[in-house]
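Quick one: the structure is below, questions incoming.
In order of appearance the chains are A, B and C, and numbering begins at 1 in each one.
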Amino acid sequence: MANDHDGTDSKAVGSTVEKYGDNLPSAGTAVVVSDEIPNPGFEPYRARVADLDPKKERQQERRVSALFIVSIIGTVFAIVAYVIFPIVPGDMNSVRLNNLFLGIGITLAVLGIGLGAIHWSKSLMDGHDMVEQRHGTRGTDTTRAKAVEVFTLGNKESGFGRRTLIRRTLIGALVVTPLPAVVLFRDLAPGEDPVPLLQHTLWEKGIRLTRDPSGTPIKASDVTLGSAFHVIPEGINELEDRLEQKAKAAVLLMRLLPEDLNVSAGREDWNYNGIVAYSKICTHVGCPVALYEQQTHHLLCPCHQSQFDITREAEVIFGPAKRPLPQLPITVDDEGYLIARSDFTEPVGPSFWERLQ
Amino acid sequence: MRIGTHNSMAKKSENPSRRERSSGRRHPLATVALLAVGLLATGGAYAAFTTSSAIAETSTAAEAQVEDGAKLFAANCATCHGLALQGTSQAPSLIGVGAASVDFQVGTGRMPLAATGPQGEKKPVQFTEDQIAALAAYVAAQGPGPGLPPEELLAGNGDAAIGAELFRINCAMCHNVAGAGGALTEGKFAPPLVGVEAKYVYEAMITGPQNMPVFNDQNISPEDKANIITYLKTLEDTPSVGGWGLGDIGPVSEGLFIWIFGLGGIVAITIWLTAKSN
Amino acid sequence: MTTTTETPAPATGVEKTNGQRFTGWAANYIDERTSISGLVKEVGRKIFPDHWSFMLGEVALYSFIVILLSGTFMTFFFQASMTPVIYEGSWVPLKGIEMSAAMSSTLDLSFDIRGGLLMRQVHHWAALLFVAAIGLHMLRVFFTGAFRKPREINWVIGFLLFVLAMGEGFTGYSLPDDLLSGNGLRIIDGILKGVPIIGTWLSYLLFGGEFPGFDIVGRLYVLHILLLPAILVAALGVHMLLLIINKHTQFAGPGRTNDNVVGVPIMPVFAAKAGGFFFIIFGVIVLIASLFQINPIWVYGPYDPSPVSAGTQPDWYIGFADGALRLVPPGWEYEIWGWTLSLNVFLPVVVLTLFIVVVALYPFFEAWVTGDKREHHIADRPRNAPTRTAIGAAGVTFYAVMWAAASSDLMATHFRLSIEWVIHVMQILLIVGPFVAYFLTKRVCIGLQKKDREIALHGFESGRIVRLPGGEYIEVHEQLDDYERWKLVSYSDYKPLMVRPDAQGRISFSQRARAAMSNWFFEDRIAPVSKTEIEQSKDHH
């Protein structure tokens, strides 16, 4: 290898360390010039104040030590703070103080060591640039030959290459052995088909609309113009899978003037005197579409800003959603409480491959 | 028609004498009598048929307040809201909006609207408390609507846990879980709630200003409104437990902070670390 | 083989201190059982180049150690269970509310365990810093071409580490089962459902049934504290091993060649600097965690599919995915033969996957274009590889627009804009931005190269104006010394590939493609200054 301690002998790239036999590796489309500017070698060393003046050296030493002492103080303070700033249950200020002072103690403890170590290395430790030679990453030809020999012998002594039947069946066995591990994970999901579950919600004919979260039923007369009620089906709060059902059954109830609603054919009796109920689960990726603007009659989903127009049966007017929010057909029972006429007539929430099945 | 008028005018100029006119069927004082009867009738009917208790009070102070309110209204609000509060193309009707609406809108400075824009925003209040009370009384007198909230519901003595749950379900999607405010469509926004007086919170809930839905007492009962106010007060009174809150808007400010100050500061440290000492 | 167990004889005439005697004894004891002296000899005086941008990987490594320490503390207190419990702890607005044990234990950790809140905040801030440092480190490696041979594999491993770190972060912040992260999981559920054919089943598999189910926090916990860290630590180990074997790259400079490494030895300077730096990173993170609140889950409340907060964003490193979802125009969902194809959800997934695959494979692409099979240990200055730097700028712009789009609603409220306008502008920027960034960056790089050339040949303007006897004013140019000039002129130069027909007179498609790429990369090149040019310019001065 070239003696490179003054940094002038070797070229920038593709130098002698990479010579394999008589060949250098291909330089591809690199331009190899013959009259490139030579490397000027190392710059002269520039001494630091601590190198020249013993007094400055001692000063730096004291600074480094001071930083380490700050660290010790920090450690002690952290432990003291842990004790003298206890948490009084219910007092948030005590939590805040504990957090603050314990944290500052630990900060000083570690920063002291860090800053001290670095100051020491910068100002006092030997500052000369040192050089290390690289070796070609590729092994030498002899090493590689030995490595090849290892495998040749291995092959010869086992007959791996020769015994094709053994080799092929071995590879076959190894490839398929991990497959049961994949199969084992099937029971991460329950046995049933998810598609029918997604196509039905708790809503069915006669279920009362109730307030979220209390579960009290809602009278039609409660819903005045401009109102927005957050609705869950009656009885949901007693269920064990309350949240799973809520993730499909959450509904937003609003009242508009009947003339403002553009009711399509077949949906004439889905609203009650201008009171409409729509699924709250966004048809984009499932966030609750909860923002109702009572004057514009727009619903806004806060996650990705899809907007739905209630005067046009929750049609998408902006944003990445495609399908309108499903409408829950409602009416009133004989006591005046709002009830569902039936379940939603399509799956609620984000679209999925089998949605129309 | 003109000819007729011309004729009668011709007649008059021809016969200026009062005597001749007085031989007509009307007594000179008939008009006065008619006016007196009319006033008595309408006044009496008004007094008889009115149901608002505020007006049923016959104290002159209340009447004076309503009168003041009427004058203020005519001068500052009628241009957009109509002299009879019927509304115009520029502003909605105020019949039935109640004292609560007025106290909220005028008390927070949103009304009178100063400029067109996506929504009316909070700005310096233009009227004194007395004037606002007068306006509120006047508007309330024109039609029954939500009144000012009672003091005990604003004190913050409710249940913060119930209030918090209701806040998350009904309010957080527009105003953010910490009440830091949020975006609506087309340039509108739900304002931050931190530092807002309890009565304005109550009034906003019950009146549904601009695009905010109306949370009537059957949707969120007065007790529940008090619970929500209690929760907001708890948020205001509790310091950010973990340190400075960075605006309480969540991961966006946290991410910006770590890139600009965290990583930025650390890069500065690495430059110091690798620089040659002097 | 002899089996002497003699300790090295002390230096004659020098009395050993107790400390030295103990160290000698300990070193001997260990070496006799582990052959550690071999390792010390090999590694102890290895040289590391000393540039600040080489420390970014260390920032990532040390913040990862902080994460491990703080995370381990929390595992003693956190319960990764979704069993409903009633919270009866210190935070009054949640008292009596039903929530999962995960959320309840996180609240207890925050409000009833001394140092618990500090550890939570340290952990979360460190995680944000960890991914940010990986990103910045990756950009440094990219823009200096440090992914070239022999470091291509290390680039791929680093890319894997980036993905793992993002996964760790996402699984981690979803553990408390709060409203913010729960809505994030809801979005994941929606994204999975949008995958064609297998999507519904994937969602069902991940959540153990219908969303949200009772399993997800426990499963994410396993990923977060066991599987992902194990793979991460293993990959990190390989990453650092390769770094040691390949040695670090260095910038061109006097005395630095492709065959050497110039810098500081591990013992003592690098150990002091790197060790000290670990403590500094630790300190900076703890300082931030003491002073600034992060992720106040008590304000968000427990996850419920009904409420949602205005300003719902994921942690910053997932922002680009959230932003991508927001930028999709309306209506991109189709029904084909009774099956629903949700391109509005699936297309961002595909585009982002392709994007990161392109990033992962870039070194191989560039190697194919240049055909350069030599080892490269000198880091490029970004300006000297204009096309690569411009491609990087375009990629960063693409990523940054998506990242910014995640905060579209906050931009609307803070800058008084309408969200519709913000989103439309971002949609345009997403497509146009990368091209503009590419063009501008390339021109800036070439301009800087030309300037370097000028300075190398003619010196730099010194600010001294001299009036010549004839009346002409000139500015005196000061020549660079050899050391400074070397930095400007020592870079590798490539020319576009010349294709030649093969024996049958044909040019294959891959050859043509390669020539086209090569042309794109190197057509506008500025050749480095040569010796003859320097001599010529000297004659003129």
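Quick notes
Methods note: a residue touches a chain if its C-beta (ideal position, glycine included) is under 8 Å from a C-beta of that chain, and two chains touch if they have at least 3 such contacts.
From a predicted model like this one, the values you see are computed outputs, not experimental measurements.
The highest number of C-beta contact pairs joins the chains A-C. Legend note: the chain whose CA centroid lies nearest the centroid of all displayed protein CA atoms is A. Averaging C-alpha coordinates per chain places the centre of chain A 14 Å away from that of chain C.
Chain geometry summary: the mean Cα position of chain B and that of chain C are 52 Å apart. Averaged C-alpha coordinates put the centre of chain A at 44 Å from the centre of chain B. For chain A, the set of residues that touch two or more other chains comprises 92, 95, 99-100, 118, 122, 212-213, 230, 288, 290-291, 302, 318. Within chain B, contacts with two or more other chains are made by residues 165, 169, 173-174, 182-183, 185-186, 240-243, 273, 275. Counting only residues that touch two or more partner chains, chain C has 92, 110-111, 117, 121, 273, 276-277, 280-281, 284, 289-291, 304, 306-312, 409, 419-420. If you check the complex, the residues on chain B that touch chain A are 165-166, 169-170, 173-174, 182-186, 188, 208, 210-216, 218-219, 238-243, 273, 275-278. Chain B makes touch with chain C in their complex at residues 118, 160-161, 163-165, 168-169, 172-178, 180-183, 185-187, 189-190, 231, 234-235, 240-246, 248-252, 254-259, 261-263, 265-267, 269-271, 273-275.
Chain C meets chain B in the complex at residues 50-56, 59, 92-97, 110-111, 117, 121, 125, 128-129, 132-133, 136, 179-180, 273, 276-277, 280-281, 284, 288-296, 298-301, 304, 306-317, 319, 406-407, 409-410, 412-413, 416-421.
Interface residues of chain A, counted against chain C in their complex, comprise 1-2, 4, 6-18, 24-31, 33, 35-43, 82, 86-87, 89-92, 95, 98-104, 106-108, 110-111, 113-118, 120-122, 125-126, 129-134, 136-137, 185, 188-190, 194-195, 197-198, 212-213, 230, 232, 241, 243-244, 246-248, 250, 280-282, 284-288, 290-291, 302-306, 316-323, 349-357.
Put simply, chain A touches chain B in their complex at residues 46, 48-50, 92-93, 95-96, 99-100, 118, 122-123, 127, 211-213, 218-219, 221-230, 254, 288, 290-296, 298, 300, 302, 307, 318.
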